[in-house]
Each structure stands twice: as C-alpha cells, then as structure tokens.
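Each structure below appears as structure tokens.
You will see two complexes here that share chain A, one where it goes with chain B and one where it goes with chain C.
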Partner chain A sequence: MLAFIIRRLLGAILVLIAVSFITYLIFVKIPGGDPAPRIAGRTATQQNIEDIRQKLHLNDPFYEQYWGLMKSLFSGELVSYSSQLNVVDQIKQGIPATFSLCIGAGIIWLFFGILVGLISAVTAGQASDRVITVLALIGISMPVFWLGLIVRYLFAQGHPFAFMPDGEYVPITQNPWQWFVHLLMPWWVLAVLFIGFYGRVLRGNILDTINEDYVRTAKAKGLPQKRVLVKHVLRNSLIPIVTLFGLDFAAVLGGSAILTETVFNLKGVGWYAAQAVGDLDLPPIMGVTIYATFFIVLFSVVVDLVYAYLDPRIRPT
Partner chain B sequence: MAERLVEVKDLKVQFATEDGIVKAVDGVSFELDRGRVLGIVGESGSGKSVTSMTLLGLTRDKNTRFEGEVLYKGRNVLEMNESELQEVRGNEMSMIFQDPMTSLNPVYTVGAQICEAIQVHERADKRVARRRAVDLLKQVGIPNAESRVDNYPHEFSGGMRQRAMIAMALACNPDVLIADEPTTALDVTIQAQIIELIDRLKDEFNSAVILITHDLGVVAEIADEIIVMYAGRVVERAATRQLFYDPQMPYTWGLLGSIPRLDREKQERLHSIEGTPPSLIRMPVGCKFRPRCPFAFDKCMEEPDLVNRVEEPKHLDRCWLSVPEKRKLREATIQGEVAAA
Partner chain C sequence: MATETTTDFTLDTAAALAAEEHGAIEGKSPWVLAWRRLRRNYVALGFLAVFVVIVVACLLAPVYAKHVAHTGPNTNHLGETFTRDGQQVQVISEGGFVNGQFKAGGIPVGPQLWHAGGRYVFGADSQGRDVAVRVLYGGQNSLKVGIGSAIICCFFALVAALLAGYYSGKTDWLISRVFDLIWAFPVLLLAIALGTALSINGFHHFGINIEAGSLWIPTLVIAFVLIPYIGRPMRGQILSLREKEFIEAATAQGASPFRIMFGELLPNIASSVLVFFTLIIASNILTEAGLSFLGAGVQPPSPSWGTLIADGQDRIQTAPWLAIIPGIAIVLTVLSLNVFGDGLRDALDPRAKVKLEH
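Here is the complex of A and B:
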C-alpha cells in the first residue's frame, strides 16, 4: 500500500513538470505571446522593449526562463506581467469562492445524478423513464454560459422574478445565509449538466448489473427486493460513478468552472484564469495550470484508493 | 411413503417478446418427494432452466404468463405474493446456478454472502450467522474454512466457488435444492466431486434435489427419476435405471449416443443429434422432435401424448413407434451407426 502511494506521488510530480512545461511551450510559441511589447505599451521605443526583455529575462534560453518561472512560482514570488500582483496570493484569494461553488455543486449533482439514474433504471421503459431521459438530454445539451444568463435573466433581474441575488460571492464567514443564497443559482447551473450525464451513466450501469447472475443469486436467496436493489445492484453500479465523480470534481475544483464563475461574476480561480488568458498573462496562467494539475493528480490518486476499497478485485495484495 | 414436497401440474410458461409468444414451458408435470433426486435433462432451450426458475418465482415478469400449478407442500407458488415468495426462496427451496464465476457478487466476501440468507430468514445475529457460515464451508469441503470465510469470490477457484454456492444454498436448511447445471462450467475432474457432494449433503440435510443438466452422464449417478425435456415439454419420463436400459424416445437415444464411451470400439467421431431445437415461437406441427427424427413417419404429424407404452407402468414417453420397432432401431442409433450410414 505504501509503495503504491509513493509510486503515485512520484508519478504526480512528473505529471506536474510535464503539464507546466507543455503549457509554457505553447505560450512561448503562440503568435503575439511575447509580453514585452504589450507591457511596454503603444508608444514604447525599441529600447523600452529591450529593457523589459532584460528585466523579465526574456532573452535567456527558454529552459532557463522556465526554470526561473517555476522557481519563483514555488517560492511564492511570481507576479503577473500585466497587473504586477502576486500570482499565488491571487489564487489563494480565489479559492474560497471556487471551493464553495464546487463543493456545493458537487453534492447537488452527485445526489440528484444518483437519484435520477436510480429512478429511470427502476422504471425503465415507462413514462417516467422517458421523461427523465428527455430532461437529461436537455440538461446535457445546455451550455453553461447560456443557461447561466437565462437563469439570471429570469430569477435575478426581474423578468419575471427578482427574488435571487444576481451573482457576486459573499464569504461564508461574513454571512452564511447570504453565502448560501448567492451560490444557489451557480450551484444548480453548474450541476445540471452533470446531473443529466451521471443519471444516464448510472441508468445504463444499473440496467447492466440487474441482469448479472449474482443479482439472480441474491433474489434466489430470498432477500427483500429493496435489499437486492441497494446492496447488490446499486452497490456494484456505483463503482464507475466514483471514478467519474473524482475526476470531474477535481477538474471543477481546479478552475474548470471558468464559465460558471464568469457568468455569475464569482471571483474564483476559474475567473482569475479567464482574466489571465484574456490578457495572455503568462505567470497567472502557469500558476493556475499547476494548481489545476495538482487537484487532478491528487484526486486521481484518491479515486484509485477509493476504487480499491470499493472493488476488492483490484486491491493491491 | 416419503413426504411429497413439490408437485408441478401441467405447468405452462410463456414469454411475450417482440417476435411473438415464446412457449418456453408447455405442459410439464412432475412430483418430488423428500430424499429423492429428480434429473431434468435436455438441450439448451428445452425449457429445463425456465421450469426450475419458475419453482422459485424467478421468471416472474410483466411479459410472462403462467398456467397450471406449482405446489410446494400444497401451496401454489404461482399465486404467492412477493413476500411469501421471499420466505420460500433460499429458506425452503434454494438454488445453485450454472456459472459459479458470475453467480457470486464480487464485492462481498463469501462469508458475508452466506450469512446474508441466514440473517434475513432466521433473523440471526452476525456472530451466529458467521459461525454457521464457517460450519457450512467445512461441510462442503473448503479447507481452512475459518480464514477462507473472509475471502472474496475472486480468491476462490471455480470448484471452490461452486462449493461456496452450495453452502449458500444450504444455509437455511431448505427442503428442496435445485441445481441448474451445477457442473457445466467446471473441469471434468471437479464435476464428479460436486455431484457427489450434492448427493451426500442431500442425505445430511434431508432434502430433495432437482438436478438440471444436458448431460445424462451427470444424472446417471444420483438421480432416482429422470425427465427428458424437449421444446418445452416432457418427452420421456422414467426411473433412472429404466431410462438407461430401455429408452423409448428417439431424442433420448440421441442424448445417450452423444455421451463419449470408452468401452466401445473406437468411433470415428462423437455422435450428435442432427439439426437444432425448434423455434419456441413457431413450433413444428405434430411431434416436436419430428423434423430432427430419422424415424419419423406419417403418424408423427399428430402429436403423441405422454403415456405409458411399455411393461414398466411408470415409464412414460411421447413416440408413435411400436415398442418392438423402437428396441430394434435403438441400438443402432445409440452406437452412432445410423449417423454413419
């Protein structure tokens, strides 16, 4: 077990290096990626630009630049090219909003995804299953930026209701109730896509599992239907959902709720990433990339551990 | 006379499918007394598994129709509600399935799966159930049962899993044990052990056994009586010795002929019954075996009843051929000479 964890951690470090390096290369190669002319401004002379290049070490070989960037990022000294603000501090500031959004949305989508999948599998072929299938497909097909704007328009801006606050993040420490109310719409908007998707996946898993021989064995033992459904069907059907949830949740925590954060003006990590990409601002992009990669890698290890716990067949012996 | 446990009367099971109505079981009757072993033999699709699953109500579905009666100690299983059925399943009648690789839930320990039935049916607490599970595993011949009880199914070999299935089926001391092709998925060397085990435990637990198989060789050892099924109906029924010494139905001859024999002259190849079983949706007119039967004649366009035609009164069959004719044609078929000629 210990060997497994150590192996995964070493792998994680390699992944971090690879991802950051590739991101860096893409940035360097992108047309217009050179930050010096942009920092220097419209009326800059060649000398101004050259000074900036010197200051930012842009004339060094690219591997030295990469190394310098990573060193200052991990020592917490990296600053943005455009705003001159400390990258690590900015990410830290965004974390409460991002975590609040993701944890709440995660709970909602996991709970309702399982509920929806279970109901449509149990009533497979009946009217309720068909209705759920259509709703799930609509949920999956609606882009977050569109749904977010529609929801804001309908419930927050007075067409026809205005009982919800329109965006912004209120820290939980400041006012828990306002925190909750402000996040309700973003939570649901982010969760809807996942609910539809998880519901479909779980429905398929349950319908596969229900025809397994061991489910017939469980029935033949005389177990009550509910016990068969929960202990033998659902327990086995949920194993793939765990993987899915772990990776989706990590991605969302890592800032891939960019659209939701932007639409609802939640100043989280995703919002920060969106700003940085808009400005072609390398240091924050690198910072956010490392931050996101960290969560993906961490959760894929967690998923493996949970998976081994849930399915004895793949436990390392 | 021994206690009558199961009585099946003219059972019909039909499944409504998109292609039409599948007559999986079409008028099957038999009885089973305590301490006896009944063999049900037939090819895939002959309705033997559906018959046995219907005894436990496992074929119930909105697309399934039942006719006739399945009496367990005089109570009709077909008319029981779900909770009455749950009382019977695993507790009074239990079942062993064909493939032990897939019939155990991979995420629970073998012990937990055995305990489950005990806890549900006898409301026994965990410790009592666990002790029983260990005892059961010992009885079915699992070495180191005390530690093996906590193993997962994937840590067991195929034969051990089938033993564990048997232990699970016997957990609540049922009156009737239904074994649906219990040896089909196992090595030949393990097959005999499992059959012997079932035979021995039947006496220890004072139960009756229904043994379903497509292999007459498997039932020969332990069955008291054999039913041969074809296309959802019983085509021959006799005491085991009688069936082996004086089989009446050409289909039975075919089954007997397809057992590999070492005591005969070397055969060119193993004999098989020509053709495939009929569609259960559009059955042939008359005798259902007629299209595959090398001895079919005009009369076979009319379906023969399952009646006694030989000296032995309990031997029933469905074949129009006269008894002397059958006895003459039979030897040839079983030896595979008809197929060769």
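Here is the complex of A and C:
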C-alpha cells in the first residue's frame, strides 16, 4: 500500500510538471508572434512589456523561458497587467468565496443527488420516476449562468419576487447569517446540474445492482426491504458516485464554478479569471489554471487512495 | 460535467437482446433491430423532431430576416418606429413624462409576437436590433461550433483510441498519458485559457492559419479539451474487442492493421460512437455558451446564444427577454439532444432494457 501511495504521488508530481509545461505552451508558444505584449494584456505600457521580456527570459531558449515563467509564477512576482496586482495574492483572496460556494453546493448536490437517484430508482417506471427523470434532464440541459441570471432576476432584491439578497460575497467572519443568505442562491444554482447528473447516474447504478445475486440472497434471507436497499444496494451503487464527487468537487474548487461566480458577482478564484478574459490579461488565467489543476491532480490521488482502501481488488501490486 | 461514460455495449449484445424479443430476427442486422426499438420510442423521436426543427429554423435565418422581419442580424434601428395594430411604436423608448408619470428612456421594445406583422417577434435589443433574427443567426454559430467540434472531437478520439487499442504497448502508453494530461485540466478553464490566448493573434503553426475571431477557434478548442472524455471509454472497448476471435481470424487471413482497425474494430464500436456523438453535441453547445458568455468563445460581432445572453445580462431588469430567449433556445436544443441520445442508447444498449423492467 505504501509503495502504491508513493508511486501515485510521484505520478501526480510528474503530471503537475507536464501540466505547467502545457500551460507555458498555451500562453507563450501556441498563439505565435511576440508573447510579451500578449501576456501584458490590453492595458499594458511599454515598460510592462520590457519587464515581461526580462522576467520570462523571452529572448532565451525555450527551457529558460519555461523556467522563468514558473519562477515568476511561484515566487509571486507575476502581476496582472490590467490591475498591477499580484496574481498569487489575488487567488488567495478569492479562495474563501470559492470554498464557501463549493463546499455548500457540494453538500447540497451530494445529498439531493443521492436522494433523487434513490427515489427514482425505487419508484422506477412510476409517475414520480418519470417526473424526476424529466426534471433531471432539464437540470442538466440548462446553462448554469443562464439559470443564475433568471434566478437572480426573479428572486433577488429589486426584482419581481424579491426576498433574497443579490449577489456579492459576505465573509463568514463578518456576519455568518448574511454569509449564509447571500450564498443560498449561488449554492442551489451550482448544485442543480450536479443533482440531475448524479441522480441519473445513481438511478442507473441502483437498477444494475438490484439484479445482482447477492441482493436476491439478502432478500431470500428475509431481510427487510429497507435494509437490503440501504446496506446492500445503495452501499455498492455509491462507489462510482464517490469517484465522480471527488473529481467534480476538485474541478469546482479549482475554478469550474467560474460561471456561477461571475453571474452572482462572488469574488472568488473563478470570478478573478473571468475578469481577466475581458482584458485579455493572461497572468491571472495562467495562475488560476495551474491552481485548478493542482486541485484536480491532488483530488484524483485522494480518490484513488480512497478507492484502493474501499476495494482491495483494484489495489495494484 | 461531461457525458456519462459507461457504455461498453456492442452491437453483438444488441443482437443477443433482440433474440429475446418477439418476431423474426434472423437475417436482420443489429442496426435494423436497434431502429425497430427506437421507432417505438415516441418521446425520443419527438425530441429528435424538435432538434431538427431548431436546426432547420436556424438554417433559414436569412430567409426569416429578409421576408418576415425585414432586417438583418446587425442592422440597428435606433430612433425608428414601427406599426403595431395600426399604432406607431418606438423601437427604443424615448422616456420622459407620459400622462404625468416619469418613464425611463432607452428601453427597447418587448416581444411583439405577431402584432407587428413579423417584426420584433421577440422584441428588440438596446441597439434596436431584432432579437428573433439575432437568435436565429446566433443559433447558426452555436450549432456550427457544437456539431463541428463534436465531429472533430469524435474523429480524433476515435483514431487515437483505435491506435492505442490496436497497437497497445508503447503506443497505448503514450496516447493514454496524453489523455491523462488533458484530463488533468478542468474543461472550462482549459477552454478559457486556449480561447483567450488564441483570440489575440489566432493560430499560425504547422501551415495552419486561423485568424483571431474565427469560429474555428472555439470549435477546435472545445473539440480538443473533450477528446479524453470520448477517447478513454473508446480505448477500453477496443482493448477488450481486440482479444476476440474475429480479430484473430482477420489477422490470420493477413488483414493489414489499417483494415483491422477500420474494417473490423470500428464497425463494432460504431453504436457507442453514435451515442457519444449525440450527447457530446449537447455538451459542446453548453460549453460554447459558457465560453462565449465569458468572452472567450465566439467573438463579436458574430452572435451566438452565449454572447446574446451575455449582452442581455446587464439589461435583465428592463429587458429580460434579451437573456431569456437565447437561453430557452439553448435549453430546448440541449434537452432534445439529451433525450434523443438517451433513447438511442436504450435502443442500442440491451442493459437499458433490463433497467426499464424494474
């Protein structure tokens, strides 16, 4: 097991190095032409461009360029050229809002996803299953930012059915109640897609598992229906959901909540990257991309370890 | 967030299922049998019809613009008036005091449906442009990007999966690592990074020249980031198919690797490719909308459903139809593809049948 953990961690480090190199390619090499003015963005001065050329060693061979980019990114020297603010600092500032959004939404979508999947599997073929299936399909077919806009338009302050505060993030340390109320709409909007998706996946898994022999055995033993469902069926059907949740949660923490954050004006990590798109300001996007992949790689290692722990068959030798 | 990836069925098993069905199945190809099942699924066919109607409507955008709305997608109508039920109405309200009440100016006219003889069916935007015309033209771009990237993505994923699955060993290792790498990036962020970086200068490498602002940029970006989501499950299927006797037989007959890959392996995974293709179009349309909403997708002045929603965002209070209508277009398109894709999978995948019986 220890060897497996070490190998997995080494693999993760290699992936991170490769990912950072791809990031370098995306921002410096692929677009072609002189990268300095491009990285400097729309609002750059001549001085900025000169600075970048020096800092990123753009006149040197590619490995020095790559090294220069990584060094300035990790030492925190890289600044956004539209606001002149340090990229690493800005990402750190966005983390509380992003984590608040994602953890809350994650709890909602995991709980309701499982609930919805369970209900629709138990009542498969009946009216409630059909209704849930239709709602889940609509849920996964909606663009999340559009849903956010509509919800904001309908329920936020100054709108037709106003009873919710509109957007913005209130730090939990400042006012826990306001923090909660301000995040309610974003939590649900972000969770809807995942509830629909998880519900569908779980429904399929449960219906597959119900046909297994050991479930029939459990029923034949005379176990109560509920116990069979929870202890034997649900437990096994949840394994793929654990994997999905690990990866989706990592992606969301890493900035995939970018659309939700933008619509609700939550100043998180994703919001920070979205602001940079308009100015064609590359350093923030670069920083957030590396930050996000860090989470995804980290969580995929964690998911693998949890998996290996839960199911000894996939523990490789 | 990508489509469900558990489809390890083949046409073989579809035929096995059909054996349990009533009626003669001998001499019928698995495709015919699948079609027989699909034909009975009226919901799936109904939604396929919805999708076809949307595609045709978007293709007819120029006709609609010319003969019904009498305007173009980018034609401004600031300060103009039109007739509604015999009355003159301003396209953009002027504001001021009306009957002693103050009304804000600059608000575009709302949806007229058919009261204005085909003009402003879905209202106007802040430039006085006809929203219905723009939604249709925007749909053309959204569908082009969605379907185009699905074709490109499926093609490259399939070729990579065939190579990896057929040659296995080092080739497989290399291709799988590439998949892993792309997989390590969050889909939307990688697409934003590529979309933004490419929208500055365009792409000029390997003899390929794509101008900044071209529709090819979002199309290729989306195709690229989703390749592992299709390639990985395909590779798994091919690896297991490769051990089957018919491949051995083909090899013994002296069939070339190319022939085995495209003549033997490909037809056996064609059904899953088809399902993936349908579902990935839906996912691509959503991704395109997200990218364009953030400004890293389809570039103005070209409209797309995503950019139309982004334009409407700031006017959501005074002119909600600007954001609502393109959103409904997206939901309808994506929903119809998802429902049809599900129906297609049920028709091709025997296990789905087992699921439904419970």
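Following the convention adopted for this analysis, the second predicted complex is superposed on the first by the 277 of 317 C-alpha atoms of A that agree within 3 Å, B and C clash if a C-alpha of one lies under 4 Å from a C-alpha of the other, contacts with A are read in each partner's own complex, and residues count from 1 in each chain.
Following the convention adopted for this analysis, a residue touches a chain if its C-beta (ideal position, glycine included) is under 8 Å from a C-beta of that chain, and two chains touch if they have at least 3 such contacts.
Just so it is clear, the model here is predicted, and its values are computed rather than measured.
> In the superposed model on chain A, is it clash or fit for chain B and chain C?
Because the two structures are overlaid on the shared chain, the partners are seen to fit without clashing.
> Given the overlay on chain A, how many degrees, to the nearest 10, lie between chain B and chain C at the CA centre of chain A?
80
> May I ask you to decide whether A:Ile17 touches chain B, chain C, both, or neither, giving the answer as first, second, both or neither?
In the superposition, A:Ile17 touches no partner, neither chain B nor chain C.
> Tell me which of chain B and chain C touches more residues of chain A.
Ranking chain B and chain C by residues of chain A touched puts C first.
> Of the partners chain B and chain C, which touch A:Tyr214 in the superposed model: first, second, both, neither?
After superposition on chain A, A:Tyr214 lies in contact with chain B alone.
> Does the superposition put A:Leu259 against chain B (first), chain C (second), both, or neither?
A:Leu259 contacts chain C only, not chain B.
> Name the contact category of A:Leu135: first (chain B only), second (chain C only), both, or neither.
Neither partner.
> Is A:Ile285 touching the first partner chain B, the second partner chain C, both, or neither of them?
second
> Once the structures are superposed on A, label A:Leu298 by its partner contacts, choosing first (chain B), second (chain C), both or neither.
In the superposition, A:Leu298 contacts neither chain B nor chain C.
> Return first, second, both or neither, reflecting whether A:Asn236 touches chain B, chain C, both chains, or no partner chain.
First partner only, chain B.
> Just to confirm the value: shortest Cα separation between chain B and chain C in the superposed three-chain model, in whole Å.
7
> What residues of chain C sit close enough to touch chain A in their complex?
By the definition above, chain C touches chain A via 1, 4, 6, 180-181, 184-190, 192-194, 196-205, 282, 286, 289-290, 293-296, 306, 309, 312-313, 316-317, 320, 323-324, 327, 330-331, 334-335, 338-339, 342, 351, 354-356, 358.
> Going by the contact rule set out above, which residues of chain B touch chain A in the complex?
56, 58, 82-83, 85-91, 94-95, 97, 99, 102-107, 116-117, 120-121, 152, 154, 165, 168
> Quick one: in the complex, what on chain A touches chain B?
By the definition above, chain A touches chain B via 212-214, 216-225, 227, 232, 235-236, 239, 310-313.
> Provide the residue numbers of chain A that touch chain C in the complex, in ascending order.
Within the complex, chain A touches chain C at residues 15, 18-19, 22-23, 26-27, 30-33, 38, 124-125, 137-138, 140-146, 149-150, 152-153, 158-159, 193, 197, 200-201, 204, 207-208, 210-211, 248, 251, 254-256, 258-259, 262-263, 273-274, 276-278, 280, 282, 285-286, 288-289, 292-293, 296-297, 300.
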